[in-house]
Structures are given as structure tokens and as C-alpha cells.
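Here is the structure we will look at.
Going by the order they are written in, the chains are A, B and C; count residues from 1 in each one.
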Amino acid sequence: MSAKKWDKFAVGVLYALSIFIVLILFSLLAFILIRGLPQISWEFLTQPAKSFQVGGGIGIQLFNSFYLLFLTMLISTPLALGAAIYLSEYAKQNWLTDIIRTAIEVLSSLPSVVVGLFGFLIFVIQFDFGFSILSGALALTIFNLPLLTRTIEDSLQAIPGVQREAGLALGLSRWETVTRIILPAAIPGILTGMILAAGRIFGEAAALIYTAGQSAPALDFANWNPQSITSPLNIMRPAETLAVHIWKINSEGVMPDGAQVSAGASAVLVLAVLLFNVVARYLGKKLQKKATSA
Amino acid sequence: MKLKNSRLMLTIAFAFILTACGPVVEEESITAVGSSALQPLVEAAGEQYGAENVGKFINVQGGGSGTGLSQIAADAVEIGNSDIFAEEKDGIDASKLVDHRVAVVGITPIVTPGTGVTDVSIEELQKIFTGKITNWSELGGKDLPITVLNRASGSGTRATFEQWVLEEGQNSIITQEQESSGTVRQIVANTPGTISYVAFSYVNDDVEALTINGVEPTDENVKTNEWLIWSYEHMYTHGEPTGLTKEFIDYIMSDDIQATLIGALGYIPTSQMEVERDVEGNTVPVE
Amino acid sequence: MEEIQAKLLGNSKKGRLEKLGKTVSFICIAIIVFVVVSILYFVTSKGLSTFFTDGVSFWGFLTGSVWSPGNVGENGQPLVGALPMITGSFLVTLLSAVLATPFAIGAAIFMTEISPSTGKKVLQPVVELLVGIPSVVYGFIGLTVVVPVVRSVFGGTGFGILSSTFVLFVMILPTVTSMAVDALNSVPRYYREASLAMGATRWQTIYKVVLRSAMPGLLTAVVFGMARAFGEALAVQMVIGNAALMPTSLVTPASTLTSILTMSMGNTVMGTLENNVLWSLALILMIMALFFNILTRWIGKKGAMK
């Protein structure tokens, strides 16, 4: 075959592969949405769950998921950002750095149940945080840090070295070059990393079963005293998230309309990740425009 | 810039959380951990109790009987839920634990509808679970291979089932295992020729409960001990319970809850049992 | 004179800021390293106690094929052979990676080289959405869709390595694809331009230039996918059947390290052999992850364009 024919053939194969992937992924999404969307209503999204009766909602679980995501990102983003800056800009390329990178990657491939049990024994029992949002957020931070650090480092690395040299040539210190030039330019990459991380956090169940717990005590949304157990802000209360809720409904099998609730909850999860995506992209564009004054 | 901002936010958030003051409501909470079979009951009772007693919270978590027993033995929680006697579990110092038998559950073998078999004897069950009978036709049913599905080893349901079906020293064949009763029921419902076992409350129209030697798996037969495969649901405390823990256990043991909630959720009230069992499985009639 | 000297020798405002920044970022990496080391230590010490405290022979653990913790074999050693789970884990990971790699890299090439606009608009958002679907949901779709299909097409009960491979294939596809896209995007534009200018066709450019220079990145993508497949528990647990038996075919029930680990953890008591041996499984998982990691680095270094 001539090079031209090969070209045509290869492109054809690529088309076929891509179409196949799109088909699989779309049918998966369609499966979740078609089964789940009919269940979603305002009541479903705001009412507390009912364990043994028909007609429970997912209000508290939904709030818990977002709150936990927020707290986890609050703890892990600065840490990952700092670590990535160090690895990308300051660390010498030697065996020690290599070992650190390898160790972080190994951590990211540990099954989340191990992270969950570590969190259980250390945060819940040892530190006596109990089954709480705090324990959950810390466990999720551990679960999240490796991948987040790695993606942020990658997006920092993707900024051409010319930009660094330009910054240094202008008399900026290394730190200033990073914060004023490299970071703004890397924002889209960092955001993508954060979106992926957020999606993973949102859907994580195994690491939370033993840390944030499987019960969702009733919340009083008028109570903003963070020390009260009914307050949504309290970080020491147990908090079942949406993903854990889906797991629990299905494995317990005592909820009469469990199949419908879990289908609805799955669809809500997908929609939430979608929403998160769109907002993050929009913000990313705005931020970058502002930061790079482009 | 971004880094500084997030750092500032973090500091503020923690400062807020740590120093937040204001009128603290009188609140008390206890944690119950363990058995997933008992979890729905404790959860429902806890919710009801919390609604009736403002400011008191019962925090209920699963994790399995093993977790419940090891955490209560370590005194890390207030209540440890378990499907089995603490004495039966290796590595648990049962002498410090106080047993509260809040309910009884019956366990029944279930099969996929359409095997052609509705009644078995204990010996036949034994042979199925030890792999000596492998086809439903050997029991007068259809020519369909038997798929045995176990609960995870160490689960309370499995321990009870094996205690009353298998003989001392016999082991089940190594076969498929699942972690939860909900999943077990779903798999049995959809996989032709499958046999497994669940608590009575999990039996629905999708699966078929077998009778054993003609005895039906009903609450009545459990109460009279004609149906042998049943166990207590235990709530263990570290030493005699005090304060909220005692109040809550008393609440679950109260006639009101025993008569309403326990039956409604598919458990059998301990008070209605006509026999009593000890750790070794010896049965004595209740006077 | 002295004033100037002091100014030159002392720390400028910039110098202080630089120091501060370096210190802060160093503290961050130090915290992460501390967390990593403590988890690694935690798993290692718990995992090793099977051999040191409970006296199980390490070799018997790795090569034994009977898994029945709590029971003692004829030689007086507890029956804790992990070979069936190790084999199962390896098989599902390798098979799903082998299945996913061509699709993921194909789609990534499509998104970056053939039709970037469609890729950005359609494929990328979908891929990022799928990452957020909890593994529980994958598991249930597997249980309600994949298992019955495998049962009617290939026979058996439907539970087994084949079903797990299909579920994991779909699960790791988004991760591998999006990372492969990043890898391809990081190949400088002028590589492509130079190749095209020399008269190479688009495919030749992709195959001989882009793919080769993106090789380390692509391999990392595949390894990350494998790592996810390796560590996945909840979804696999629902479709593999969890029978601790040596897999004899792709459609008989088998088990993986994670499925047994997740399933048994809550039913065992801390500090007993039954519990410790589960941590040994976690230790194997960690060591295998380490091994994969080192392997890719090595391949990446060899395959990179000089």
C-alpha cells in the first residue's frame, strides 16, 4: 500500500474507534439519564431520605456532597499547588525527587478502601474526630492529593521555558515568575485537573464509608451555629454523601423504591459533575483573561 | 496571587470553625457501629428517638460485625452492633462486654424461581453447600446446574447459616461471595439456578424461599424454634451502659418499640421467643 | 558606601519573598511526602505482621492457591494462599488495559490531530463527565447489563473475569483518553509542521513523529488507567463473583485482591490473622503499583525521542 492509502486507511480506523467510544460513552450516559431524570423533582432534591418508606429525597446527601467537596478542595488545592510548584520549579532533578514522584504515584493507585481504612483508624479513632465531615474531607484529601499534584505539575511543565526565562530576564524572582507568569498561563490546565479531581471526589464512596459515615442526621438549614449537630456547617457531624447513599441503598436493599431513588441519585451526580464542568470552564476563561490581561 | 488567596481563605475558615461561638445548644450524641443487618433497625429507632428527644443524637454506622466488635472492645464507640456472640469471634475479649439482645432474625435459603425444587432437607442443603449435589435434578428439579452464592466469610448471616446447616468441621466449598444481602438477592433473582441465604426481611417476589423438611420460614416457626436457622441481634456495650447509651438501649427494648418498629422492619422481638439460646447453641424453653 | 554594601548584602524585599515562596511550597511537598510515607509505613507494617507476628510463610502466601483464612491446612499453616487473587487482579488489569489502549489512543489522536474542534466540543466534555460517575453505578450497570449479556453469549453464570474486563474497560476509558489527549497536545506544533513540510502524510506524521515523541506521556496514561483498574473495588466486586479460586476460564467466577479486601475487611477483627492477611493483600497491591510505575519510567526513558 502506498503512503497515501495508508493514510486514508488509518484515518478511517481512527474515525471508527472514536465513533465506537462516543457510542459507548453516550449510551452509558443515556442509560443513567433516561432511568434517572424522571425521578428528579424539586421534592426529590430537597427532601430528606426515608429509609423504609416510599418517596424519600436526597436533599441532605446532596448538600453533604457539595460541602465535602468544597472542604476537600479547600484543603487539598493549596497543598497540591504548593507541592506542584516545588516539584516543577524548585526541585533538583535527582533521585530523591524521582523517589518522591514515584511514591506519590504509588499512593494514587492504592485502592480507595485502603485510604478509607487508614482514615478510619487515624482520623476517626486515633484523632477522635469520629465519623465526621472532617474525617471524610481529610481522607478524601489523601485520596485526591496525588492525582491533583500530578496534573497541576504537568500543566505547569507545559508552559514553555521561554516564559520563565523572560520573567527572570525582567528581574523577577523565581517565585514572582511562578505566581505572576506561569500560574496565570497554566490556569486552564490546573482547572481541568481540578474538575477531574472534583468528579472523582464527588463519586467516591469506598473512602467515605468508614470516615464520613453512612448516616445523614436531619439538618436545620436555619441553624448556622457551626457547633450544633443540626447545623449544615458543622464539620464534626456524620455526613452520608450521594455516592455513599447510592451504595447503601443498593447493598441494603430495604428501601421499597430503592431502585428509583438510586437511578435518580446517579443522574443527579452526573448532572452535578456537568454543572461543575461548565462553571469551572467559564470561570477559568474569565480568570485567565484577567490574570494574563490578554 | 491565587495561592495567597486560597491560603487566606483556609486560615479564615479554620479560624471561623475553631472560634465560632454563640449559644451552644445542649446536645448529646452517641455512636453505634457494626452489623449491617442490624443497622436499619438501630437507624430507624435512633431517628425516632432523636425526634422524641430534642438535642439527643444517635449516630449509626455500618461496617460489619467485625468492626462493631473490635471497636466496642477497644471502647472507641458507645455501642457495637453484631449478628453473632462476641465469644464466637476470635481476638475479642468478651468478658468486658455486656450483651443486649434487641431482636431475633430468621435466615432462609433462597433460590432463583424456576428450579423446580421448593423443599429440601438439612442434609440436602449440607450437600449443596459442600458441593456434593451440583444439579437441581438430583433433588427432583430441573436439569440445571446449581450455583452456590455465599455471603463474605466472617459475615454474621453466613456464620449463623453455616452453624445450623453444616456439621462441625465441615466447610462450604469455595464459591462466589457477595458482601451484602441486597446484592445477594439481586443476583439470586437474575441468575438461573442460584442458591443463597438471606434474612427473612429480604425475601421478596423476585426470589423463592425454600421450606426445610416442610417447615416454612415464618416468624411463628422461629419463635417456637421449629425453624432452626435464626440468631440474635446483639448490641454490645463496654461495661454496663450509662447515660444516653442506657436510655437508648432501654428505648429499643421498650415494649412500644419491640411491638411496633421491630416487627415492621422484619425482625422478631426477643420477648416473643419461646426459647432461649446460648453461645454454644443450646436451647432452653423460656418460662 | 556602607549603606550600599548593606543593601547589596542584606536581603531585599524580593529576596525575602522568594525565600518565603520557596519555603511555603517546600512545606507543601513535605506534608504530602509525610502523608505518603505514613500510609506506606502503615500498610507495610500491618501487611508484614502476617508473616512476623502470625508466622505465615511468605512463599506459601504468594504461591498458595487455597484461600480460607480462619482454617488451618494439613501442614498446620493457615490457608491463606493469595495466588488466585493475584492472578485475577493481573488478568483483569492487563485485559482491560489491552482492550482500552487502542480505543483511548485512537480517540485521543482523533481529538488532537484529525478533528480538534469535534474532539473539544463532543468527546472531551463527555469524557470528563464520565470520570465523575461513581464506581458503584458502573458496578450496577455491569450487574444489570454486562453480566446477563456475557451469560447468554459466552455461557456460565456471567460472573467472572470477562465481565470485569468489560466494566473496567469502560471505567478506565475516560481516564486514559483524557490523559492521552494531554500527552499528544504537549507535542510541540513545529514537530508536526516539520514532518508535513518534508512531505510526510498525516498518518506518517502521527505515527512516526507525534506518537513517538508523546510515547512517555501515552504510557503514563495507560499505566494510570491500569492503576485505576488495579485498585478498583466496588465495581469489580459486583461482577467478578468473588470466588477465591484459580481462574480456569474467563467466564468462571474469580476474584481480585481488591474485591476480597473490600468484602472481608468489615467482617474481621483488628489484630487477628484474618485481618492482617487482608493488609498483606493491600501490601501486594502497593508493591505491584510500584512495579508498574518503575516499568513505565524505564520504558518511557527508552522510548523517548532523543
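Assume contacts are C-beta pairs under 8 Å (C-beta built on N, C-alpha and C of every residue); 3 or more make two chains touch, one makes a residue touch a chain.
If you're wondering where the values come from, they're calculated on a predicted model, not measured in any experiment.
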> How many steps does it take, at the fewest, to get from subunit B to subunit C if each step moves to a chain that touches the one before?
Replying inline: 1
>> For the interfaces A-C and A-B, which has the higher count of C-beta pairs in contact?
In response: A-C
> Where the CA atoms of subunit B average out and where those of subunit C average out, how many Å apart are those spots?
Replying inline: 34
> Where the centres are mean C-alpha positions, what is the separation of subunit A from subunit C, in Å?
Replying inline: 17
> For subunit A and subunit B, what's the span in angstrom between their mean Cα positions?
Replying inline: 33
> Taking each residue of subunit C in turn, which ones touch at least two of the other chains?
Replying inline: 24, 262, 265
> Using the touch rule from the top of the page, what residues of subunit B touch 2 or more other chains?
Replying inline: 3, 36, 62-63, 74, 179, 183, 186
> What are the residues of subunit A that contact at least two other chains?
Replying inline: 78, 81-82, 85, 179, 250
>> Give the list of subunit C residues in touch with subunit B in this complex.
In response: 24, 66-71, 143-144, 147-148, 151, 157-159, 237-238, 241-245, 253, 262-272, 274-275
> For subunit B, which residues count as touching subunit C in their complex?
Replying inline: 3, 36, 62-67, 69-70, 73-74, 89-92, 147, 152-156, 171, 174-179, 183, 186-187, 190-191, 194
> What part of subunit C is in contact with subunit A in the complex they form?
Replying inline: 14-15, 17-18, 20-22, 24-29, 31-33, 35-37, 39-40, 42-43, 102-104, 106-107, 109-111, 114, 122-123, 125-137, 140-141, 145, 170, 173-174, 177-178, 182, 186, 200-204, 206-207, 224, 227-228, 230-234, 258, 261-262, 265, 282, 285-286, 289-290, 292-294, 297
> Which of the residues in subunit A end up touching subunit C in this complex?
Replying inline: 3-4, 6-7, 9-11, 13-15, 17-18, 20-22, 24-26, 28-29, 31-32, 78-83, 85-87, 89-91, 100, 102-115, 117-118, 121-122, 142, 145-146, 149, 154, 158, 173-176, 178-179, 192, 195-196, 198-200, 202-206, 243, 246-247, 250, 262, 266, 269-270, 272-274, 276-277
>> Taking the touch rule as given, give the residues of subunit B at its contact with subunit A in the complex, in rising order.
In response: 1-3, 6-7, 9-10, 13, 16-17, 20, 22-25, 27, 29, 31, 36, 39-40, 43-44, 47, 50, 57, 59-63, 71, 74, 76, 179-183, 185-186, 201-202, 264-265
